[in-house]
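Letters A, B and C mark the chains as written, and numbering starts fresh at 1 in each.
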Amino acid sequence: MRVERGVVSVRTRRKTDVLDITELIRTALREMNTSEGILHIYVPHTTVGIVINEAESGLLHDIESLLEKLVPELEAYEHNRVDSNAHAHLRNVLTSSFVTVPISSGDLVLGTWQRILLVEGDGPRERTLLLTYVGL
Amino acid sequence: MRVERGVVSVRTRRKTDVLDITELIRTALREMNTSEGILHIYVPHTTVGIVINEAESGLLHDIESLLEKLVPELEAYEHNRVDSNAHAHLRNVLTSSFVTVPISSGDLVLGTWQRILLVEGDGPRERTLLLTYVGL
Amino acid sequence: MRVERGVVSVRTRRKTDVLDITELIRTALREMNTSEGILHIYVPHTTVGIVINEAESGLLHDIESLLEKLVPELEAYEHNRVDSNAHAHLRNVLTSSFVTVPISSGDLVLGTWQRILLVEGDGPRERTLLLTYVGL
């Protein structure tokens, strides 16, 4: 059994953005010594989320639109007295700061349509992902 | 320390459906060699989610109603230009593709009311759950 | 490789409440034998959630307000025929029953603004958190 670590850097492109980061994670994973286990993928940020879903371009826009509908950017949030990004924090609360994916034969186990998506809420920025593998 | 794997198949019953899958998972777990650790329960699908909550029948309907309120099926989603199930993808974004549950003495550690629920968004279908145990 | 367990008790203060529980978790973590791995933080309850975000006081109120907007307490939920807390269950469905955080040098790996937040939906109550460490 082993624990292996990796780091991925991603440059988001717009204030709100949904990016497919699957291949960036795969590239980092190839540098790690893994076989059978789980991979924890974690954003040490509070205004960006991570989810697993399909990366079809229309759906990426639908995710942005849904988050804007449920958590509008322009609303009287209390946090905006000290900053101007409450909506991005709140969208992260509705998505997540991490996902865990099974690893088999050293690769991500993903269904046909599954991709790992980064949900930027307060970009564009350089974002960091911390990878932790626990397994054989 | 060991990694153990299991698979569960579930037939969902309706287009939208919330099912208690706890005993199906327990059945698969009994075939696995586990004692103290964590169990990762993962759906390799993009239109079905997994959450932990109570399986009271009224609440299962409330979960369906809430998801229909927040993410209505009939809305002009961009993804529906290539498919007709954007709402199901988006509901998965608000729930999750996996849960992790502690395992003790080879069984799920669940509070009094906790059950593992599958949230179908584009059924009825045969769905697969991938189980990964990491522990002693 | 080892599995280590811990327990944290928290007294929530109001019916709905968002609390920073990071230092309570750190205190429990110091009693556990950990170095490099992951920590699973789990609530064995169905009316309280756990998320990672900033603990700025305005934002804690914004989280409460958002959950009240998306899942109002006073609505005709079916679960309320047998109980009176459907909104709290449903808010947990939108947040989560667990988070997993990397552990390095025996401490939580958190970004500058990240804190672990308990989202009470049906308090005030004594709540329990179950910690499971898997790692070196």
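Methods note: contacts are C-beta pairs under 8 Å (C-beta built on N, C-alpha and C of every residue); 3 or more make two chains touch, one makes a residue touch a chain.
Computed from a predicted model, the values in this text were never measured in an experiment.
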Magnitude of the superposing rotation for chain A and chain C (Cα, nearest 5°): 120
Equivalent interface positions on chain A and chain B, same or different at half: different
CA centroid of chain A to CA centroid of chain B, Å: 20
Residues of chain B touching at least two other chains: 1, 70, 94, 96, 100, 134
Residue numbers on chain B that touch chain A, as the complex places them: 1-3, 5, 40, 42-46, 70-71, 77-83, 86, 89-90, 92-94, 96-98, 100, 130, 132, 134
List of chain A residues in touch with chain B within their complex: 1, 36-38, 51-54, 56-59, 61-63, 65-66, 70, 94-96, 99-102, 109-114, 134-136
